[in-house]
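Next come two complexes built around chain A: one with chain B, the other with chain C.
Let's look at the complex of A and B:
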């Protein structure tokens, strides 16, 4: 059902950004590209503007926290191309405190609130975002609940 | 009620007036529609044709100004508490609170950072309805229980 991107197009991405990509994997017809978060913006622009790839639909943007890793935060982008009908997943691995990555909300409007959600739950700062405020929690809330070190019952 | 509330000794006349007041209050309990989550569906089912609430005189009112009871049906998140308090304060006296379902009673299965562990942390609850969700019969039984509670009140006679 999920049509994965053709291997030669994956090669194209790999050639263009060889020094930045950490890993490319394919599992059950789904291709995932892991890269260093500092270069997210260039890779995303390439994915959108390159005619062969043409990823014009951002399906989802999610945050993740892996406290045991050096690059402990991650932003996961799920892309789809309406013209070529193929999918791709991008995982941008972030290190730093607070974790920062460039915004893509000017390229894909959907990213606006999705990045706000990732900020609200993980504290990942999207640089260049027009309105990076909390989305679900109260504006006065302190802390980022979906981080692994935040207790389920909350802190009071 | 202010001037005559709780002023007179319990005598035959005053207790009769009290029972008339209680009869009026129990026979037309008008709840405020406050369905938050799944319990709201059961509340709607209770109000619908099969398990009719209208036969008890219970008509759901959308505005707090015309409501007697507020049925908190569903999970209460911390973000929702200010609106609940605002709406509760807008209800005129006498008013009662029914906490419907596990979430409103004690937070339900959600012992998390965003869920209030029971609306009785913020509102004075009169009747707790257990269940997840409580069946319509349970909700009706709890409203009848609330009626019994109201019938035992003395408004004019001293307590």
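Let's look at the complex of A and C:
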């Protein structure tokens, strides 16, 4: 009835990926796992394939830009399991220019267009994506609008 | 489904459908690769209606952003601003008074019926049944008149506020809604008579646009499209919000996984929405219309004009807005098109740091290629119709 997950399952994820997880936090009832972006693929495969977790529904994939941090880009995955009815948020924190993270579009087809949107808006390159083109903006557009250094009025 | 002799790649024809096309329900550009009249691939190009909602949200205070969500899915009326209100209320731990919650439910369910009526009208019109279009829009007029009575608007409303509603419903609202509840079931019977067992309708919708449950879940499809594939996922039941747990409602499902199954699901959803509205109207409690929380409730004008401190508070409330605590949350509602979610990151300032809108139509549109392969061009119109997308929603 709420977007939560049993603490022992979070422990399980923590045990499996202790060296790559940066932080596990809880705000209200929702749990967020922050990890280094280089290991996103393994963690996502674990979340999908592990029987107790079975996160089959990728609700949302979002990008974010935190220019004050060293790992300045972030990809946020919101997962829900239809079988076990639990919810988890995964945040992959990326550093580098251009920011790169592995694709998960072969695991969840929903990620196909959502990763294209994150690329379009933030310039995050999803390695292994079959068709990483812009989704909303024109193919000839230069710049990534949702980055914090891109002005609201746009550039010429 | 595919012809016995497959045409070689070089003899396949690519044609454009859209972005200006009466049956794409908006500015959607499709490139269809055909062999003969059979579709072998569909490439979607979206973004013609992209307005940069998320960028705008990062630059406006929360209450300044309130009129924007209803422009996303402009046919679902009040459900989108309700989602934004619920997200921010959750972030700030504001409890909405029961009367306001019930009014939100009534208006949201009326929006759902209005949206499904428009879906039925345009879906039937695209397939050729023009009479249904005329009938459905007659009912939609009744709903839009109710909206106009309460909010002043027919398509965009600016009626919900954080913590409740802008003002109470006018006298005569419950009677008007009851009149609608009384009239609607017989009208629904008219649509069923025209379509449900109609031979042409069955030929055009049965086994068209097959989407299995596993594919639907994998593509992130939600809403009636997912329930038409037999998956029982309805946000109103999974994560009840705004007093939905107090209403007795069934979630219609269909195992057919095709266009006809989704048609049956949406028809039944309209009936279930009517049930919810009936229960809400019967039990509409008295009370406040907005939470008594100084962060969201503006003081009364008389007090503000007569008392200096109240005047200052009024001005500060409007000019500076409120600041939710730093943190992040994901909150979703069951919009008529599917799951509408808001992922909000707040840094403690009056403007959102990141507001990602999880729009249902974008992911509902994604399996179009999978569903269309092997079908005729005429079927693509039926498949787009059954997905029930709104381009304002897809493109944000």
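Quick note on the criterion: the second predicted complex is superposed on the first by the 154 of 156 C-alpha atoms of A that agree within 3 Å, B and C clash if a C-alpha of one lies under 4 Å from a C-alpha of the other, contacts with A are read in each partner's own complex, and residues count from 1 in each chain.
We adopt the following convention: contacts are C-beta pairs under 8 Å (C-beta built on N, C-alpha and C of every residue); 3 or more make two chains touch, one makes a residue touch a chain.
No experiment lies behind these values; they were computed from the predicted model shown.
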- Put chain B and chain C onto chain A via the superposition and say whether they clash or fit. fit
- Which of the two partners, first being chain B and second being chain C, lies in contact with A:153: first, second, both, or neither? first
- Check whether A:21 is in contact with chain B, with chain C, with both or with neither, and answer first, second, both or neither. neither
- Considering only touches as defined above, state whether A:78 meets chain B (first), chain C (second), both or neither. second
- Message: Rounded to the nearest 10 degrees, how wide is the angle at the Cα centre of chain A between the Cα centres of chain B and chain C?
- Response: 40
- Who does A:32 touch here: chain B (first), chain C (second), both, or neither? second
- So which one touches more of the residues on chain A, chain B or chain C? C
- Message: Taking the superposition on A as described, I'd like to know which of chain B and chain C A:125 touches: first, second, both or neither.
- Response: neither
- Which superposed partner A:102 touches (first chain B, second chain C, both, neither): neither
- Could you tell me if A:89 is touching chain B, chain C, both of them or neither one (first, second, both, neither)? second
- Which of chain B and chain C A:145 touches, first, second, both or neither: both
- Message: Under the stated touch criterion, which partner chain does A:3 make contact with: chain B (first), chain C (second), both, or neither?
- Response: second
- Message: After superposing the two complexes on chain A, what is the shortest C-alpha distance between chain B and chain C, in Å?
- Response: 5
- Item | Doubly contacted chain A residues - partners chain C and chain B | 136-138, 145, 150, 152
- chain A residues within the chain B interface of the complex: 136-138, 145, 150-155
- Residue set of chain B touching chain A in the complex reads 78-79, 111-114
- Task: Please name which positions on chain A make contact with chain C in the complex.
- Result: 1-3, 27-28, 30, 32, 56-60, 62, 64, 76, 78, 82, 85, 87, 89, 108-110, 112-114, 117, 121, 134-138, 145-146, 150, 152
- Residues of chain C touching chain A in their complex? 46-47, 50, 52, 54-56, 58-59, 90, 215, 217-220, 231, 233, 238-240, 327-330, 332, 339, 341, 343, 345, 354, 356, 358, 362-363, 366-367, 395-396
